[in-house]
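In order of appearance the chains are A, B, C and D, and numbering begins at 1 in each one.
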Amino acid sequence: MNFEFNEEQQLVRDQARGFLNTNCQTSVVRRVLEGNELYAQDLWKQIAELGWTATTIPEEYGGIGLSYFELALIAEELGRACAPLPFASSVYLATEAILSVGSEAQKLEWLPKLAAGEVIGTLAYSEGPGEARPEKINTTVSNGSLSGVKRAVPGGDIASVICVLGQSLQGNGTSMYLVSTESDRVTTNTIKTIDPSLNYADISFENAHCELLGEDGNGWEILQQVLDRAAVLYAWEQLGGAESSLEMARNYSLERYAFGRPIGSFQAIKHKLAEMFVKNTLARSNAYYGAWALSTNAKELPLAAATARIGSSQAYYYASKENIQTHGGMGYTWEFDCQFFYRRSKALAIAVGSERSWQDKLINASDIAAA
Amino acid sequence: MNFEFNEEQQLVRDQARGFLNTNCQTSVVRRVLEGNELYAQDLWKQIAELGWTATTIPEEYGGIGLSYFELALIAEELGRACAPLPFASSVYLATEAILSVGSEAQKLEWLPKLAAGEVIGTLAYSEGPGEARPEKINTTVSNGSLSGVKRAVPGGDIASVICVLGQSLQGNGTSMYLVSTESDRVTTNTIKTIDPSLNYADISFENAHCELLGEDGNGWEILQQVLDRAAVLYAWEQLGGAESSLEMARNYSLERYAFGRPIGSFQAIKHKLAEMFVKNTLARSNAYYGAWALSTNAKELPLAAATARIGSSQAYYYASKENIQTHGGMGYTWEFDCQFFYRRSKALAIAVGSERSWQDKLINASDIAAA
Amino acid sequence: MDFEDSKEEAAFRAEARDWLISNNPTEEELAGLDEFQRGMFWQKKKADAGWACIRWPKVYGGRDATEMQHVIFQQEEAKLDTPNAHQYLHIGQGMAGPTLMTWANDADKERFLPDLASGAKIWCQLFSEPAGGSDLAALRTKAEPDGDDWIVNGQKIWTSGAHYSDWGILVLRTDPTVAKHKGLTYFYVDMKSAGIEIKPIKQISGTSEFNEVYFTNVRIPDSQRLGEVGQGWQVSLTTLMNERANIGSGNSAVNFDSLKALAQRVTINGKPAIEDSAVRAKLASWYVEEAGLKFTAQRSLSALSKGDLPGPENSIGKLVGARKTQDMAAFAIDLLEQQGVEWDEAKDEFVSQLFQQTYMGIPGLRIAGGTDEIMANIIAERVLQLPQEPRMDKGMAFSDVPTGA
Amino acid sequence: MDFEDSKEEAAFRAEARDWLISNNPTEEELAGLDEFQRGMFWQKKKADAGWACIRWPKVYGGRDATEMQHVIFQQEEAKLDTPNAHQYLHIGQGMAGPTLMTWANDADKERFLPDLASGAKIWCQLFSEPAGGSDLAALRTKAEPDGDDWIVNGQKIWTSGAHYSDWGILVLRTDPTVAKHKGLTYFYVDMKSAGIEIKPIKQISGTSEFNEVYFTNVRIPDSQRLGEVGQGWQVSLTTLMNERANIGSGNSAVNFDSLKALAQRVTINGKPAIEDSAVRAKLASWYVEEAGLKFTAQRSLSALSKGDLPGPENSIGKLVGARKTQDMAAFAIDLLEQQGVEWDEAKDEFVSQLFQQTYMGIPGLRIAGGTDEIMANIIAERVLQLPQEPRMDKGMAFSDVPTGA
């Protein structure tokens, strides 16, 4: 029985935390949130140099071939720092999609660049408000050219390679395609969002050159696989944010006095923070399970992913909103940092499907896991 | 604007409360819970003499022809006292069904006896675990004789007249029937339940004489109408129980000391009781709405009934379980009275459909109310 | 029990409605005025005709109307699209006015109240301080006597409308050597006084509805004191009771109807989300809370109608309303899935504005005017009469109370 | 990260399993024994072979095993259908044993511990009192010195197994004139002593798992004191820390699997309830909590495996588990609709037993071994290191502490 990260993995986490403590203080989040940068480019270069973008990419494709345990721990630290980077969209989504179903040529073309952080990727499937449905995808392909509009794509104005869900070439359901944004047939428009520390864009494709990614007609299945895998990593990033929120709330409750004593001595606050701790602890344990399933490609992965994802989404929402509440009026000001986590908690909660959608998936997956 | 009971109605409530304070202390509940009585017969006689069973029955049928406001207030007081009586099944269900759809002859036959409390009625529709569905009703009728088995009928071993949902005479869906239990073709078996202070029985009908109640083929619609009306009255009874639970918890929190001060001075307890108060207050306001809709036969009745019912079910569950919790270990003993309300809260919550089923109905009703 | 007016109420409602319909300003009258000026134009018109602050005595610019008539007038006005001065005037009329009414001398009442009613003068409220928060009486801004004046130094916070206000009501610490509640004195101050500096506070929603107000050697004449020296807490309770009555439940645009409309627009598993029973169950529970608040308000109105005053049970409106609205907004964003992240006031209101705006604004409502936790305390202590927490600062000189600093 | 044993753990597991399989009593061996006797037969057999209380030193009847080996042995035993003595012995072995180990003299350890391990003697614990509850140290049962003995008068409560126990551990007030925690002394007592009267407490579930124990001039020799006079609180902390480690999350028969099975059996709108998305959403959220607890336990085991001791974070198991189970049982009864009211152990387990039994039993679990509220305090104070509530009784003589009486 060793349901714990090993020492090397913990070292990766400690180094990531140390690095981000120095190089991604909340002033960096604020800079992107308030400014015109799409993301913290300086920080991106540094983490790419540290190899974070290359974590699970095999060495033959220019990566460093570590396990998903290491990537999960890096995700947690990025979440803890609320890092203003397109890491999730590039690493959990695009890199994973190419790693999973890309041809050898595609892997050789893109993975080394993604590993080096020279190229940033993303995955685009949503075309409007509400759930995406395979039969409703209006992105079409003819003669190797893809046309359509994708909405609210994470990192959409940063990515130079995009995995795009479109209709199959042969009327065979949906397929996944790879599109480079260097063409002028791809137009990106950064949109205004509740979390300006991350970039989101609408993307229009007008006869943009595309390549099939994975088998034709398999687009929806590929998307589900990628989302299952990404959900675990998102869960770790969300957990990190939930932990930061709890830590902020705890520290403030010790510093802030009311009625002659620290507010952390009132049961209303104590029990609120205890509840955060409970939710975070359960979420962490479920995230462990997710990381284990992801790294071993266990048949339980869909169940573990749903479990981890739901736990972290609930924990982060609760911790980030009650962190503001614990801070009182000051927590609601622009000047304080509570807002970063409140914004991010919601952005991440809908990034690869809402809690509601994962609840449905969990029950489906529980049938399979039991079978 | 007068969204309040008038003085005469409040007088009815005050008298009911005073009477029950004297004549239905919790020792009476305990007597029925622990003993072999099916219900508190002495108390039943007294309340019948007071005319409670006759409240909304028109004078021409031996009733006193008051409004549903008075009946709602009596229901609240019976709930507050956790009265061990078949009042709900006889008055909210059987009397209401006969009043609503009975023929003149049926009304003349049964209502005077129901009004006088000489006859106790009930309504039987459930035939097994889970929801009842019209197409699954296995109770059949031929040649004026009804056969089938009904499960967990409230007051089933007390009632001498039963409204029974069965298949239509003419294969026309379901119909409602009236059956007297005086025949030896009706066998009742009291069952063991979580609330032995109320009677529940399985009832077997073997070619029991029956009369159609309301139109043939209309059984399901009649049932829904009766349930909507009864739901409002149940909501009032549930509210009374929730209020008792809060009152008990409050009193105990003032008497019981820990760490040198009353436990009611700890925020964990204060906020728990505040939450009870909030739930009870909202439930009360919704119960007002229900009473208004019931007494005016407003088109909003289905919506108002669902709203009142859900609010009271939630409030009573919360208040009764947290009342035990507030009492700590003593609250969990047989000797204390907390148990009566915890048992009753669940019994009433499933009496005319669970919270879950009313949530579904509420959304349907909201379409109609908006139309 | 009914939702109908009594005969007297119906007559008053008709009178009010008639006047409102006849006098609702035309676009011609309002031409060239900005939002603020439109509001003030309308307020002046109401005041001239005796329809401003109608609960107030006629002699102070009111109409000697009952609480219920006040509610009826508000209901009728809300039915029309009148210019809105409420956001500028509610603090002055809702809090400063009643406080002056109770504590000012007759000359001051005559001087200030009619101008408050007509909108000629705008008032703000300066109670909260950075070190105060839920512990309102822990305020530190000090007033030191200097001849017939007081010299004020310190900082107030969460003052809405400070920059456009003429006058402010404020509580100051005049004696730090006595217990917290004992060393306070209540004043009003000319907001244009030398030494007052106003800085807007940006909120996480991006807007700035509140200000910090810095006092540096600001001189306030002793004649602007309300109540005795050391009686400030008692005076401020008058203000605060009226604040609570004003805040109310706050109808949110994120409610059952808007969430249901969204659920009719997006799909789940290919069918309208409103057909999904998980969505239905949540919506139903929220409807029950919303209806409960609505009918609780109706019950309060009925009490008003009989001349009773609403009690502290009104605290539940904000408590239940704010946390419910937060969860509803969060859930609506979930229903929008990936596109729910978009917040752009130039785009589709239902997709990119309503729910996101509320999600970002609602944390403030859970805090302003008393946090959820304070509201629960109020219910526990004032309604259920449970004992207070042990007070660490009881009987202690204010300057000795631990502050963590 | 894996769920596999280390090499050493695997070897130990194989050894334990082999012994268990070979020695699990046959029906022949158990013939004619009642449940209690069967449990004791098995315990004796384990003890004789060195498989009882294996964490304990060999010299006291144990095996000098590690915490992890203890867990592995428990896991392997749980896989077999062995007689169950746990319910009779867990208090003695889990609480009295560790306390004696720490505080008793060598002679007493040799006298009592092997008998505890083998089940030859059964111990109970007498801490709680009617006036105590969450404020455990507020106990009042008094011990007054009389020569070499103490004379005990008062009442204990919530003592499980009092009627079949040989010995009891107890804390008594030996000095009411000093502060609450200072005036306590810890003893063990022969449960057959003159003056002890035991009355079962009936719970709302109808069963009687606990007792009241009355002491009337019960004589306890001073030689049965553990720790110094006045040191009782410190000694009792040894007991309580072990109680907490023992209570754990408690696997309930009302869980995701049983609720899902029910949802496959009943219908909603004519389709299996498991297809209803409101049911799915609730089930999914409960699954997430259940899995979270399961994997939290795995993480604790991993810590044990490395030799670390589990911390106060284990309080979450009971806190989360009990309230979740209560809501699940209540919801299951809702799914059963009208027939959910039936509770009859002679009928269909899924319809008339499991969920009703749990609904009636679970309120006790939210209280026993520390209420939800105390658990939240423990998390806040011991894990998050938040300050304690102000203590009204601090430094006050126990006899002066307000009791409301």
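We take it that contacts are C-beta pairs under 8 Å (C-beta built on N, C-alpha and C of every residue); 3 or more make two chains touch, one makes a residue touch a chain.
Chain labels with UniProt names: A, B, C, D = Acyl-CoA dehydrogenase.
These figures come from a predicted structure and were not determined experimentally.
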Chains adjacent to chain B (Acyl-CoA dehydrogenase) and to chain C (Acyl-CoA dehydrogenase) under the stated definition are A, D
Relative to chain C (Acyl-CoA dehydrogenase), the most remote chain by C-alpha centroid is chain D
Roughly how many whole angstrom separate the Cα centroids of chain C (Acyl-CoA dehydrogenase) and chain D (Acyl-CoA dehydrogenase)? 52
Could you put a whole-Å number on the gap between the CA centroids of chain A (Acyl-CoA dehydrogenase) and chain D (Acyl-CoA dehydrogenase)? 42
When centres are defined as mean Cα positions, the distance from chain B (Acyl-CoA dehydrogenase) to chain D (Acyl-CoA dehydrogenase) in whole Å is 40
Multi-chain contact residues (two or more partners), chain A (Acyl-CoA dehydrogenase): 254, 261-262, 266-269, 271, 356, 359-360
Hunt down the residues of chain C (Acyl-CoA dehydrogenase) that sit against at least two other chains at once, touch-wise. 268, 277-281, 373, 376-377, 389-390, 392
Touch list for chain C (Acyl-CoA dehydrogenase) against partner chain D (Acyl-CoA dehydrogenase), complex: 268, 276-281, 389-390, 392
Quick one: which bits of chain C (Acyl-CoA dehydrogenase) touch chain A (Acyl-CoA dehydrogenase) in the complex? Just the residue numbers, please. 128, 130-131, 133-135, 138, 157-158, 201-204, 206, 265-270, 273, 278-279, 326, 330-331, 333-344, 351, 356, 359-360, 363-364, 366-368, 371-373, 376-377, 389, 391-393, 396, 401-405
List the residues on chain A (Acyl-CoA dehydrogenase) that touch chain C (Acyl-CoA dehydrogenase) in their complex, please. 125-126, 128-133, 135, 151-152, 154, 191-195, 200, 254-263, 266, 268-269, 317, 321, 324-325, 328-335, 338-339, 342-343, 346-347, 349-351, 353-357, 359-360
Could you please specify the touching residues of chain A (Acyl-CoA dehydrogenase) with respect to chain B (Acyl-CoA dehydrogenase) in the complex? 266-268, 271
The answer for chain D (Acyl-CoA dehydrogenase) against chain A (Acyl-CoA dehydrogenase) in the complex is residues 1-6, 9, 68, 256, 260, 274, 277, 280-281, 283-285, 287-289, 291-296, 298-299, 301-303, 305-306, 313, 316, 319-320, 373, 376-377, 379-381, 383-384, 386-390
